[in-house]
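Same chain, two partners: chain A is paired with chain B first, then with chain C.
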Partner chain A sequence: MAPNTAPRATETRLSDAYLAQIKSKRLMNFIMLVLFLALLASGFYTADSRNAGGFWDGLGNIFDFPAAMFGEAIERAYLMPAHLIRYIPSLIETINIAAASTLIGAMLGLVMSLLVTRGLAPIPWLVGPLRRILDILRAVPEIVIALVLIFMLGGGPVPAMIAIALHTVGAIGKLFSEVNENASLKPVEGLASVGANWTQRMWLGVIPQVAPNYLSYALLRFEINIRASAILGFVGAGGIGYDLRNTMSWGNGKYDEAAAIFILLFLTIVVVDQLSSLLRNRLTHGTPMTEVTS
Partner chain B sequence: MTAATLHAATITQFSRKKRITIAVPLIIIAYFAYIFVSFDVAGLGDRINLNNARTLVSDTYSYKTHVARDNRTDTLTIAIEGERKGTYPKGSAPDWVTLGDTTLVDLGHGHLITLGPQVSYDIPDYGIVTARPGTNGVNAEFPSGDLPDFISASKNRVMINTDAGRFTITRSRAEVFKYSYGWELFFFTLDSPYYGMGPSALLSHALDGEFGAIWQGFWTNKMWRHGDVFWALFETLLMAFLGTFGAAIIALPLAFLAARNFSPLGALRFTARRVFDFLRGVDGLIWTIVLSRAFGPGPLTGALAILLTDTGSFGKMFSEALENVDEKQIEGITSTGAKPLQRYRFGVIPQIMPVLLSQVLYYFESNTRSATIIGAITGGGIGLLLTQAIATQKDWEEVTYYIVLIILLVMAMDTLSGWLRRKLITGDEGGH
Partner chain C sequence: MLRFDNITKTFGANTAVKAASFVVDKPMMIGIIGRSGAGKSTLLRILNKLTDSTSGEITFDGLSVTDLRGAAKRNWQSQCAMIFQQFNLVPRMDVVSNVLHGTLNRRSTMSTMFNLYPDEDIHSAIDILERLGIAEHAPKRAEALSGGQQQRVAIARALMQDPRIILADEPIASLDPMNAQVVMQSLRDIHEQDNRMVIANLHTLDTARRYCDRVIGMRDGKIVFDGTPEQLTTGAARDIYGADASFSEATTSTQIETTEPGNKLLADIAAH
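Here is the complex of A and B:
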């Protein structure tokens, strides 16, 4: 800074300038906020006008359906245990779809992630194209692939499994490659110096370093995939979603079975969420430390 | 620790790791074997419908034009994909059809078909098939010798399937299918004056002041409904936008209640957390079903379903972020005599804003995809158009078009949200 002869004057000028800057910035931010809120409000207005039923008309009816459903469920509470047991097999199918697609997706995604990580990729010019493929896999909603596959393969769990697995490859490939970027290259170089090939370098040099992170992301994906698998069932891909659509279509007076499915689905999602967040906490805070020291 | 115990510990650890490296693949293989049986993957071979697969694939890159002659009324109709919307006006025809008393259809490569009271098909390397359909049958005559595989004939029906096209003769109708590459009538339908014009011709018309009419013809294309598709995409985006940002605005104050270091009452914190868990646990699917009962199909239902689910997710994430804020800044603000609201505004919000915004933007991108799925369930946006097109089981070129649009939309949102997130993280400050 240049030495100044009139410190007091400079100070006031500086503070004035600072205040003016802050003021204009605040004003800018305030205008942005108002604009954003106006956008949001007009968005809701547009959505409301393009909806079949209006917001204010429907607001009073929100609880009609849940009330009818749970009213019937309570009325015939003695049937509930039987209903719950009846839908356990489809619940297991839904969980199986999620688990199998997570496993397949994670294994393929792992290979893809190693192929698209700069510095680890065996074929550098493939990194760009493979990344685009991952982007596309991530961008396609599962329901699109599932519906097309249902047309070709018929209903059932396999189309849903393939659809979710493809999406999982895209999502996990990207996440894992971000993890790979943080892996230390020293073990890889060490392995390369003793003549290890690419597979050995990855399998022994990279994967052990990042395995806890991999597992943690895969578990998070499993949570997401359970929800996806229930939704795909709803469009005809088997599992508890399919039963839910059927029971819903039976109409008034038969909602107790739908209520049973709602309960099963809710409990499953909550339990899986809790279990996986417990495991993930242990993976990212607990075990890695012991892995490092051992 | 002596060398001996260290050695022993290492040995046990190694053998434990060995066992794990063998056990994990075995468990995975066993699980896949179970899945193979329980999903009946072996029976997939019987269930797979190769015909459907073939139509689907060929329909995505080609289309067929029907030239049909009604033998009872002696009228000829030419229609793309056999649809009313793609029917050629009377007296006009594509250049490979020559209209007349007997219509001549040139399928290319020497395949010639004449349609009239007597129909004939000149098949290269085989000969001429003629038929005179009437009340007593189709009266087909074939070149001498056994019938080849590509012809199936009975008294009342002859079907000829060649590389150039398909020809079906029944007592009442003679119909030719010609396959062509591309998406038919993508820009203009046949009733538009701009149908079949090249880009340069269109440009010169546009410069002559017909731009509005050209745009109108494209926008209201009855076959592809570009205007409707645009609105559907907009609705899908709207659902994601309203759901994500609405949820963020609702979740922010609630997150203060759920954060350990801000919540005044333990009971309040507990309640807020259970509300978040409930909203997340009920899941988008159930919210969608419940809300569509109240509000009917449309973008508002989808937006509210996303809003409810994400209020739970955001509430949880925001409260975790709030629990990790640096107390020093708040103390600093307090020391200047700031009231609680001012403390939050200047001590807390600037700290957490970049993190929160980047999470919200990340969700915005993924909700664009969810909005498609929710639209398919409740009936709104591009998801609805997609399920409708798939339900017809023949408009696969439209399905492909929608899929491409969805992918582009999601990727555009991905790029936009990534760009904004980078700007937030590297920007000088994102707090105010």
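Here is the complex of A and C:
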């Protein structure tokens, strides 16, 4: 018996120590939770007291706009098809702005991403400065660039397109370079060993590997850019955002048109999302045609 | 023809290759043997210019390889093909495209981007695949092939370069013994039929003995043996591997008993 008691004693001591450790951890977690809730509440009251209208007084009004919109839309549902058709040209303009800026932004962003990926960059000392440029492009909101450009170039779709494209370069450049970091360097080395130049190595060694990820990020960006281009309509860039501002600011009696615009935007986002997953699947698993030939 | 003169490569405090010197005066098949980390890979990578040497000089037919930069360097790489342990193909592209990558140094960036390879290059790519017995896999993606087949695609890419030298960095280390023999036999055939110089890093003594005209042994970055396979006695091998008397060659062997039916089977595999 004697040899068995000694290990059991250490066992109890170990479990006691472990339990004590767990208990102190739980206590710490509880204190942190209380602290977090207290800070949240106090922050909220500070914000509320500085608010012009007061949060609680305004709370009831939040649902007034959706209620009015749904009410009018249902009341004049027979007008809806005509509204939907009327706003399709502006929707196409908005989508065009988004598509052009995504395309231009993604192409420039792709080049930038390869220039700022360590291990692939042709000029290593340029990686840092170029990354800071991407940071700046991402940090400046589209609407600020658009306002400056509209002031210089006048209203219209082109300033909006440039503004969104610049922001897209910053965002895509960073996302793509993270994708590039996960690319296998073996094909790149293989191509380097045959004497391929940098562009050839990137084009054949890196891009085919990561193209599905590129595409899914670019399509995600396209969705974001549709919303951005709709918002830029508010500041005079044309497209469906301009119509949305008008219908909303004309007030009661026009809300069914606003509802039609929201429906169009919603459908567009859904379609782009579905298209994106379809294309992505095809790129990762190969088209049905190549399956047959192989 | 090829001259290594005091080639040294250091990575920080570590020396991967110490003052390696040797001369090759005619195209032959050379095997480099040694333990892992003996500097075999580094030596080949320096010759292909994937890695720059710290000091020393390599000359090939009077051309100083070590000083080449930019386009001249890439031109040298196109004459000095390399085969890797992990094949280093582009997995998502088809086999013929991977073979055509051997011509990239001659192609402009624009024609590469639009995939414009001349018809005669495509024909010769398929001829090379036929020679290596994998022509029927031509339209498949490289990733769909087995390891042995992928390594033969890599050899086809090397041949497509029409190189003066073929370097092989552990070409059979990730293959099963059967495929290993097919790949080594292909390299031997290339040397014998095309009279190209082949330098292969090998991790088994018997492969070096069986296929090579000359064996170079490396230990801790230094060349400690340089001679014919006949001169490579068990004592010399122990010295290369830093092993004691318990070292037996059988432990490093991957050779298959080659009987007459076995050879026929190999020929069949090579043909398919």
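The definition used in the following text is that the second predicted complex is superposed on the first by the 269 of 294 C-alpha atoms of A that agree within 3 Å, B and C clash if a C-alpha of one lies under 4 Å from a C-alpha of the other, contacts with A are read in each partner's own complex, and residues count from 1 in each chain.
Here is the rule we use: contacts are C-beta pairs under 8 Å (C-beta built on N, C-alpha and C of every residue); 3 or more make two chains touch, one makes a residue touch a chain.
Because the structure is predicted, anything quoted here is derived from the model rather than measured.
Within the superposed three-chain model, A:W203 lies in touch with chain C and out of touch with chain B [touch as defined at top].
Of the two partner chains placed around the shared chain by superposition, neither chain B nor chain C is touched by A:L14. Contacts of A:A192 after superposition: chain C is touched, whereas chain B is not reached.
Counted by residues of chain A touched, the larger count belongs to B, out of chain B and chain C. In the superposition on chain A, contact is made by A:V140 with chain B only, not with chain C. In the superposed model, A:F55 makes contact with chain B only, not with chain C. Counting contacts by the rule stated earlier, residues 294 of chain A appear in both its interface with chain B and its interface with chain C. Listed in rising order, the residues of chain A touching chain B in the complex are 25-26, 29, 36, 40, 43-44, 46-48, 50-55, 58-59, 61-62, 64-66, 93, 96, 99-100, 103, 135-136, 138-144, 147-148, 151-154, 156-158, 161, 227, 230-231, 234-235, 241, 244, 248, 262, 265-266, 269-270, 273, 294.
Those residues of chain B that touch chain A in the complex are listed here as 13, 28, 31-32, 35, 38-41, 44, 47-49, 52-53, 56, 235, 238-239, 241-242, 245-246, 249, 277, 280-286, 289-291, 293-301, 303, 369-370, 372-373, 376-377, 380, 383, 386-387, 390, 393, 399, 403, 406-407, 410-411, 414, 432.
The touching residues of chain C, when paired with chain A in their complex, are 48, 50, 71, 73-78, 81-82, 84, 86-93, 101-102, 104-105, 107, 109, 112-113, 139-141, 144, 154, 157, 161. The touching residues of chain A, when paired with chain C in their complex, are 186-187, 189-197, 199-200, 203-205, 208-209, 286, 290, 293-294.
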